[in-house]
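Have a look at the structure below, then the notes.
Chain IDs A, B and C follow the sequence of writing; residue 1 opens each chain.
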Amino acid sequence: MDCKEAADEVDKTVTVMEKREPSQSQPGCRDGCKDVGAGCEDVVKKFQLSRLMLPDDANFMGNVHGGIILKMIEEAGSIIGTRHCNTQNGDRCLAALVRVEKTEFLSPVFIGEVVHVSAEITYTSKHSLEVQVKVIAENILTGAKKLANKAALWYVPCSLQNVDKVMEVPPIKYASPEKEEEGRKRYEAQKIGRMETKARVEEPMPLRPNLERHTVGFSQSSLIHLVGSSDCTVVDFVYGGVAMKLMDEVAGIVAARHCGTNIVTASVDAINFHCKIRKGCVVTVTGRLTFVSNRSMEIEVLVDADSLVDRQTGKYRAVSAFFTFISLDKENKPLNVPPLKIEGDDEQKRFEEGKSRYLQNKTRRLAEKERQQ
Amino acid sequence: MDCKEAADEVDKTVTVMEKREPSQSQPGCRDGCKDVGAGCEDVVKKFQLSRLMLPDDANFMGNVHGGIILKMIEEAGSIIGTRHCNTQNGDRCLAALVRVEKTEFLSPVFIGEVVHVSAEITYTSKHSLEVQVKVIAENILTGAKKLANKAALWYVPCSLQNVDKVMEVPPIKYASPEKEEEGRKRYEAQKIGRMETKARVEEPMPLRPNLERHTVGFSQSSLIHLVGSSDCTVVDFVYGGVAMKLMDEVAGIVAARHCGTNIVTASVDAINFHCKIRKGCVVTVTGRLTFVSNRSMEIEVLVDADSLVDRQTGKYRAVSAFFTFISLDKENKPLNVPPLKIEGDDEQKRFEEGKSRYLQNKTRRLAEKERQQ
Amino acid sequence: MDCKEAADEVDKTVTVMEKREPSQSQPGCRDGCKDVGAGCEDVVKKFQLSRLMLPDDANFMGNVHGGIILKMIEEAGSIIGTRHCNTQNGDRCLAALVRVEKTEFLSPVFIGEVVHVSAEITYTSKHSLEVQVKVIAENILTGAKKLANKAALWYVPCSLQNVDKVMEVPPIKYASPEKEEEGRKRYEAQKIGRMETKARVEEPMPLRPNLERHTVGFSQSSLIHLVGSSDCTVVDFVYGGVAMKLMDEVAGIVAARHCGTNIVTASVDAINFHCKIRKGCVVTVTGRLTFVSNRSMEIEVLVDADSLVDRQTGKYRAVSAFFTFISLDKENKPLNVPPLKIEGDDEQKRFEEGKSRYLQNKTRRLAEKERQQ
């Protein structure tokens, strides 16, 4: 049974609680155990993770992004889940997330606060386990604490030998038969939830049309990035180097999509930075193939900035440049690049321009070589 | 004159070299100075930056991304440029990048190598300066060194009081009149280069059609992310939390585009992780508004994974979820959200479904409240 | 002999200086060499690393975290150490941090400043080497430079083939026999220091939550970090600097909880790295107040590592140290610290020990001051 199937059907049998000796359930629990947070009995079932919120974790108003909280919740869940699933014999395994229940953000969290995420295993079936997580945000200056989030996550243990193999989950002890019964109900409910959404997965993907390989449209790619504190100078405009890194990232994805191999940046044409990009902006970085020779790909990259909040500024082109990539084999030797399928006059025009840049560079390089000899 | 104009016309006058006393030019240069790299005379003109290359800096084959090198080059340039421009009286200023000359990646760089970026100011005009940068990659195990890149960057100093005000650049001393003349030629050449590309900037932006505000298409957003080492478990599949963070990021951009205010995540519907996403994949995360109430926006987020190299796996839907965002004013109080302009039957259908989820949640919340009273 | 033993007993024999040809000691030192910082002869013994301080490196008041400085110090040390240990034949190896001598933060560092870390190898024994590091912070706007830190670190070279095998260290040339003799004394002193702290390693730290302000339990804090790729060397053990950064983070949270003000790291007592921490481990970093004077807080920090998957290794104490923090007002002037409410004999004992460390340091500082006058 592979991970996906397991996640879908999970376990039909109801797990029977067995009596477990403490020594069996915490095989690794020796002298060092007392050191880490809770007492020996709970160390496997409970877990807490804390972190200080930094400027990059928040938007321009200081509100910590929900995504940062979700990421911490899942980190806690995957640690406690992995730890629990390795408390018995058998292959070593990792807990892989298969579902997060609906979750609400109850209070905003701010930069400078410490976020505490406490996770507890609350139900185990044969092949899955439920982790409930509570998120507390603490203002360490005033001592004030608030409940920021509560979440429930479902994990399945995947073997380290073969991540598609789902392992069995050691059962937990419940405080009472009622607790176990409640857990079983949640377990049944999530199974139904999963099935309902399964249909959605198969839905056609309207967002990226399935174009013909090796056309310009096939490899064209675009990313958006919300400009954060660490992208900016002290007077809140983006470092040129940050923009260039994003441009190279998009160009690399375009190149890899075109040739499906390991690719590296070979050169970058002159880049002009026409306008400053300010903190809080969203930048859209788009790359498309303009020209392909036997051994190289030229990708035009455009950077558009958009101040979401300041409507006066609106959207504007901030930077543009041509990146050249080459394709490499496993010994880092250059490979041939598939030819580009041109469609329409605009693409043809850009191809011709790219070819002329390519030939100019070639001539220039040859001239330099001769001069050096 | 604002920064952009300055960068375009830069200075028509040729700067006259003045004799400068060392004591004036390095006001802060006292006892500690010897410690900072080169000797006192060179400290303003030269600068070196070194860093160890980590897994996150490279692709799945261990090749360091060109963008990482470009970012280091620009960091060195902006430090040396800023330092130089503040060696005279007048407003404090920051060097802002306006142009990078064509640059070539001469040797691949790998994880575990130390990259040394040395920057030197090689020309100054009245309002701009040229920094030449050399990048050496050193294998600290074998001692082997290779030249990885050479680049030339142009900066203009922008006042900290008003970043749109361009300051004057203190002149440098040249080793010989020939060196100065060569620099002036490069300066004239880049001015012509800048003008040529200026035309491109005004070109229509074909990539994001100029849609009507408050439609679904207007705020729809999509990002791509190349899965790196830090996104993954030890067996190289993406943490669920990493995916959720990207989803929240896209949903937040959609919400901010729709209402142009500070927005925060209010809740996330159950998320199912259907398939594992592997290291080296490109994930495309797309968000679009499905439903808007007076005070909230529901955004559907789809995550598609695409193994660029493994053609067998191809592209697949890995996760999907509904995020709900609210809009906040400066006191973190909820604001009204502009209504959504629906176009076509598909959008109408998704709107109705979203509305029914919204009403269900409302009913559930009211019931919970009553129970608690 | 494994790494830990080596670190404990290190080498009993005194190394005999051999004549080394420059061509042997710098195998990779060819034409490209001039470009890398110092001249050819010194390139192995000296190394400099520089970086601009970003918002994420600092707290909400703009003070750069001591942990960021410690991490840079260790990066420089591990680069120069690894480079040096590979200048002879034999297995390729990595320098692993085993000890940091007591270090003091002499001036606060702020966002936007450039930090220069210069490292130099100052002593070599048969199986270990000492790196001395100087940290200069430069305000590139005013040109002002200040000495921010001075540190000494001890490394042992571990074979890449088998990271538990300790290699021999090529000897360095000393400027004078006196320099060598001084180094030997520091080497003997650190060996004694290491033995003394060995006892501490086994001590547990129970969690004692307490809601009353200014008690030890009130401010005790703990964070958990899952070790990822970018925390690790190419042979998958954690960089010492990564551990120190986490320790400083926890100590800072403890200090802020106790006094509710802006706090900064003032000094760190000698840190011994008893065991390697491997990729995939979970580290729990716990901090608690041990002693408080009028103007400073001493925080004991313990780092426990736990392999979630490998039950053989189990949980173990990897590092422990004492951090001293001070509280600052808005003008960065020291504030009084609230007294610590001691509960029970253990806390009292630790308080007395902390007090005696505090008084020793005070005496030492006064003696140094007098000597300088």
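The working rule: a residue touches a chain if its C-beta (ideal position, glycine included) is under 8 Å from a C-beta of that chain, and two chains touch if they have at least 3 such contacts.
What you are looking at is a predicted structure, and each value in this text was computed from that prediction instead of being measured.
Undergrad: Would the interface of subunit A with subunit C count as same or different, where same needs over half of all numbers used to appear in both copies?
TA: different
Undergrad: Could you work out which chain's C-alpha centre is the most distant one from the centre of subunit B?
TA: Most distant chain from subunit B: C.
Undergrad: Where is the C-beta contact count highest, in terms of which two chains?
TA: Contact tally peaks for the chain pair A-B.
Undergrad: How big is the gap, in whole Å, between where the Cα atoms of subunit A centre and where those of subunit C centre?
TA: 32
Undergrad: Measure off the straight-line distance from the CA centroid of subunit A to the CA centroid of subunit B, and report it in whole Å.
TA: 17
Undergrad: Would you mind writing out the residues of subunit C in touch with subunit B in their complex?
TA: 26-30, 32-33, 35-37, 47-52, 75, 78-79, 82-83, 86-87, 92-93, 114, 116, 118, 134, 136, 138-147, 160, 228-230, 233-234, 279-280
Undergrad: Which residues of subunit C touch subunit A in the complex?
TA: 54-56, 59-60, 111-112, 202, 204-207, 213, 221-224, 226, 249, 252-253, 256-257, 260-261, 282, 284, 286, 302, 304, 306, 308-311, 314-317
Undergrad: Using the touch rule from the top, collect the residues of subunit B that touch subunit A in their complex.
TA: Checking each residue of subunit B against subunit A gives 3-4, 7, 59-61, 63, 65-68, 70-75, 78, 94, 96-105, 108, 153, 158, 160, 163, 190, 193-194, 197-198, 200-201, 203, 205, 207-208, 221-226, 233-235, 237, 239-242, 244-250, 252-253, 256-257, 260-262, 264-276, 282, 284, 286, 302, 304, 306, 308-309, 311, 315, 317, 320, 323, 328, 330, 332.
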